[in-house]
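Here it is, the structure, as structure tokens.
Going by the order they are written in, the chains are A, B, C, D, E, F, G, H, I, J, K and L; count residues from 1 in each one.
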């Protein structure tokens, strides 16, 4: 059974409490519950981690090496500024999907670019919490297409 | 039952025959079959259109007004140059998802930007033909969240 | 009696129905009626055309050669991206006025520039449907000043 | 009866004497006569002012507050460099039309941008002295549409 | 006997009538006659097409697949703005030569860049109508060098 | 007792009457009263000047030489465009504080840069009329730290 | 009694020991003493934190939610590179003042921009350690103006 | 005998007193004396004017029309920001030399560009007060070469 | 009989030995033989020169004045950096064709621009050694069209 | 005996396991062994640290103050984005050498720039693990040259 | 008696024969005669050199060290592209004046910038051959001001 | 025994005499002596060349083909402007190390970029004359790692 890390970056611990007009009212715990339920349905295992620390996110990505099969990464604001996370994905040699709750292309110009997307399998953004289960489906399809 | 237009832009008529290392071997007819099957499963109706003409794509988007509920648009190369398609989506007042088969962020710099994404609900890219059914799921969730 | 082509580009067929807070509620048919009435008053003949196809707009501009005396062009979103329309005006050797319903300079940055304006006699923007009759007056004055 | 200020900026005092191939041979006095005549026809009152001093133009714009109904501003070269005139229009809360005698988009690149246009109702350029009466018509229509 | 498509884009239907100081007085029919004569001399077959519609040009390029051996493309103003034509050439997997009548590098800055050239075999510009027969020679040599 | 010039630039004469949602309802006279009262409290003398004329502001800055000890300058829109005011401060060799009522960094991009700040002691922005007394405190501290 | 967090970012632990010609000889402990004394005078409570870790600063900002009333943030070099800190302030929904000891506008170009300032109430820079007490005054005024 | 206007812009009234390490200790009166003496030697008449007001400089340039033969303009900081002064020189149709005391190319990047130089006969910079007499010689030569 | 200089710039002496996947295996001597043979066929005289020295290339271009009728210049890497070669062509007043063996538009971004092309009759690139004889044909046609 | 800190940044813990075609197969432990051996040879002491956390790297740099003599820093991806590490080196007042295993100038454009290099003694890149001992030699020479 | 090198760069050997509408009809020999005559008048010695080779110009500049007192350099097109000539002037530690015959600021954008000007005493441009004697006067004044 | 060319570019002939605060007092002859001594120690042969001529440097690089094993190139100012030297290294197919005496990243912005580095094995800068022997060690290691 393939295993995924669902990794959330800075400020996502406050999900559901901050700027609900942008991000909705679902909390990160709600998201994890949704993902666990969906994991059962589609036959995958999921782990979760969240940190506001760029270094901790890198450590978590490294921790997937040889142990997990897919990374679903909502790197929040680090998406637009972190070359180190991009390198961490390359280093860990794990397929990654970049995820955003909001449609970053409809927000400020500096949220339109991503270092991470350059080494990702694909990108999903704009679908709120539902994006996580879409990303799980997408990762499963991706892994199936490789085997 | 909600109705979706799955609209494909320039060069997608050749899908499955061109650059298979980037886009895979699935043809546009295969994609449409997949989408029809998936539509039944999730309880939506789908229409399809493809054109290499920017104006024809605009006409098709206009044609959804008051008749369909969601637009899934793979505008191909027009994604990066067409303000008129962006305006067409605003004019038609239909929720739209921007879709790409390949991960455009891992390709040339000029494919990283999109006018269409600014008025879309969200973006899905990098998952090949599977992206179409993910987009259908995403659009259905989006419409559900509105009602 | 001088003859004008009043040519409208992408999405203007939906005028009066889309984003009324930006463009007002007057339809394209209303605009044409206003223009016909004004044409009588100032002693000019008017023809109308609209297309969402860039190529069709080019064809229409070519069609004025040796037959009409002035072009009033609301090229919509093509204004900001089309070098081909700019070349079409040069090729047709017809005096042209660039027209916009809204004040494009008060909208997104990418609407501030125009290829067409470089070869136009002048530009009128921001006065809604009234801009068409102003443009007719301006074109008439321009032609009078040449003779 | 609505009142308009027709305000001209730097170097326009020399109108009709400088670079006639660009600006024509009509003097500023001629323009004012044309505007006065036109004002009678369309039932508005007009005041005139010209200065080469950016500060004097700001003062003149302030002077319209609560006294006049529309501003027709040919800010000349200040159009492209003055944020202060833009702020003056916002401060005076008077509808403004940006006017240029020549088609600035057919001249040097640095004349293609305008701070003033961002807060104007609309822009008219390229029609020589005739642009002033067009602007008067446009302002009248604009005020009518508000009432 | 190898077969070539000689494809002309926007405004080239007016060749010989517009801006003769830039493009000369030879019409498109004259060019086609020259090319037909030259084709006989060098032992190739030629087809011709012209359209002002970007989509029609894409369709024409697709139509060469598995049927013709070389594409000589004067995409006119679309050269500088069309990613879709670039993709069409990649999709059709046909060797292409980019052609311009005038030396685009001696004209406006925005005519110095080309998306199409990135996927072309080579570029020829500045030699007027003669460029077409040079391009035919070049394409023939290119095909010979492959076999 | 140290003497300060509190110098206000373009459009600040309308303070309290224009765009109150951005700048509040306090008038410039109110600000001057607040500053006079505060000057007594902290033991400094204050002079006031306001002009919409860049040249008049330069003259006023020159007028402080050898007579006053600190300059508190709200240059309004000139902040972002005037090299001459920057040079005037260098020429007058007087310590200057740049002041803005609103947080210019939360407004348009072109208000984020300042020539004046390059030669100022420091910058205070975003605190409305209260910024003036903060600037007086800051200038006093600065002068104390020098002696 | 309102409570403030005075939060210092990278390298500020070395304050008073590093580059004294830029930052002075006051240590961070001295600054905290000054702030505590000033807090008593103006009737506020203050907490202090410093970290060289961007993630730890985000955590600290989150920790103010529903507990403190104002944030005074000297984010040091993170000011110019961190979108995540900007988002943290939005997430925590706490009024923030951006503070710098030196006048960043008189230093390298890359220190002139700030993500944080876009969501701050205001900015104070250039007044050395005195800036902290000015910021406390400014925050207190700001809170008073809201109540 | 040809007549020249030697016109000095913002902050040059303080010449000899400000930043002597950049501009030297010669005052503007000294410069004028040097110029008057040199005028006698080379047989020209000179007038002088200085203003910190951009508008006053424009007025002065206009005032030379049909009365004087050459303009020697040290526009100070307005050199780099004023399109209006550039237009004033074109309007007045008087040959102009742009002059700077310091070598502006060895100073900040924003002092390297000039609108005025685009319409000037030539530029002289870096020779301190001596530049004025060099400019007088250069203007005299220029006028001689025209006659 | 018209005479041409075929001038090759830096690194072209190694033609046929360096990066054959980009430039092919034909040596410069082979190219010269091809050109001599072709010259006989089309009735022109050819001279050859090659240098790695920008100055020597300039000297060679000067040396054509009043002696030769056309210049075919493969300036190699100097194409993208040398304004002096551009000026040399203008100075020598000789028609020039810019030539490249490879399609420079399919290589690094900095090879897409050319100073030389601005003063050339036309450009030919991407056809390997065959480009030289195409350029000879093109130059002959060009000279014929002038006479 | 001088003491050096050899400090490695993000992803370097995976050295020898990730992207061996770029970075080789030597592990970080191997590097440290090489450095220890080399340290004995050249008579210096070495300490090692590695972290994926920017803040931890800053802390480590601070920790060298007054205790060690040289810093050899491979900041990995932080090199291109971290102003805070640049400031940390200035704060710690320790001579630093910037080191990269790969030749960053032969990789993506965004890896060509470095904040750290601006305050470093020098830079060494492209020599794989051997770069560390070269850097030790370089630092020793540098320290010798100071004493 | 001070000695000057008057050094001319690429294409200036053709002076008086090329583009006379830009550079006039005076030859380089004429210029040298003028300079020799002027040298006698003002009591200086002059040497001349011209080369189209950047390296030869560097050699010539080096050759002035400890032997001559001033350099008057018309580097032609190298002005805008050569960092090496800039470094040569710094290396030779000789005062230099940058000279251009034409007003480079009224020509193409890429002629507006100069590396050389950054290390020159000053710049003179736009006065044709007369510029050389003005530069000699300027250099003499400069040397006098130093002694 | 491997053979190296140590090649020095423009202005390095003056090493030890020019700007000693930047480059030190060691002459090029001293450097060569150091390198010869070091060559003996590490068992390599060294040749030296220096030229101020870009073309001569290209010739020298070509001259290493099939004869020498490594190139150590201090291209001085040509580093930042010469594409031709970059191509010469590719053409000669010799491993190259880019060397600078000073830390170019701590100098002007235009010295931060290098064409040569894109095709070099690595870069060493900032270590003065010592850099040459470090580069020799680095080249030897590089060659050893290949064999």
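The rule is simple: contacts are C-beta pairs under 8 Å (C-beta built on N, C-alpha and C of every residue); 3 or more make two chains touch, one makes a residue touch a chain.
Note that the structure is a prediction, hence the values are computed from the model and not measured.
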Could you work out how many touching-chain steps separate subunit E from subunit J at minimum? 3
Where each step is a move between two chains that touch, what is the least number of such steps from subunit A to subunit K? 3
If over half the contact pairs have to be identical by residue number, which pair among A-B, E-I or D-F is the repeat of I-L? D-F
Across the interface between the identical copies subunit I and subunit L, with over half of residue numbers shared counting as same and under half as different, the residues used are different
Would you mind pulling out the distance in Å between where the CA atoms of subunit H average out and where those of subunit L do? 48
Note: subunit H sits from subunit F at a C-alpha centroid distance in Å of 31
Mark out which residues of subunit J touch at least two other chains, giving numbers and ranges. 53-56, 81
Chain pairs satisfying touch are A-B, A-G, A-J, B-C, B-E, C-D, C-E, D-F, D-H, E-I, F-G, F-H, G-J, H-K, I-K, I-L, J-L, K-L
Looking at the complex, which residues from subunit J come into contact with subunit L? 97, 103, 105-106, 112-114, 117-128, 130-131, 134, 137-138, 141-142, 145
Across the complex, what residues on subunit F touch subunit D? 9-11, 13-14, 17-19, 51-56, 76-78, 80-81, 110-111
In their shared complex, at which residues does subunit F touch subunit H? 53-56, 58-59, 62, 65, 81-84, 86-88, 90-93, 115
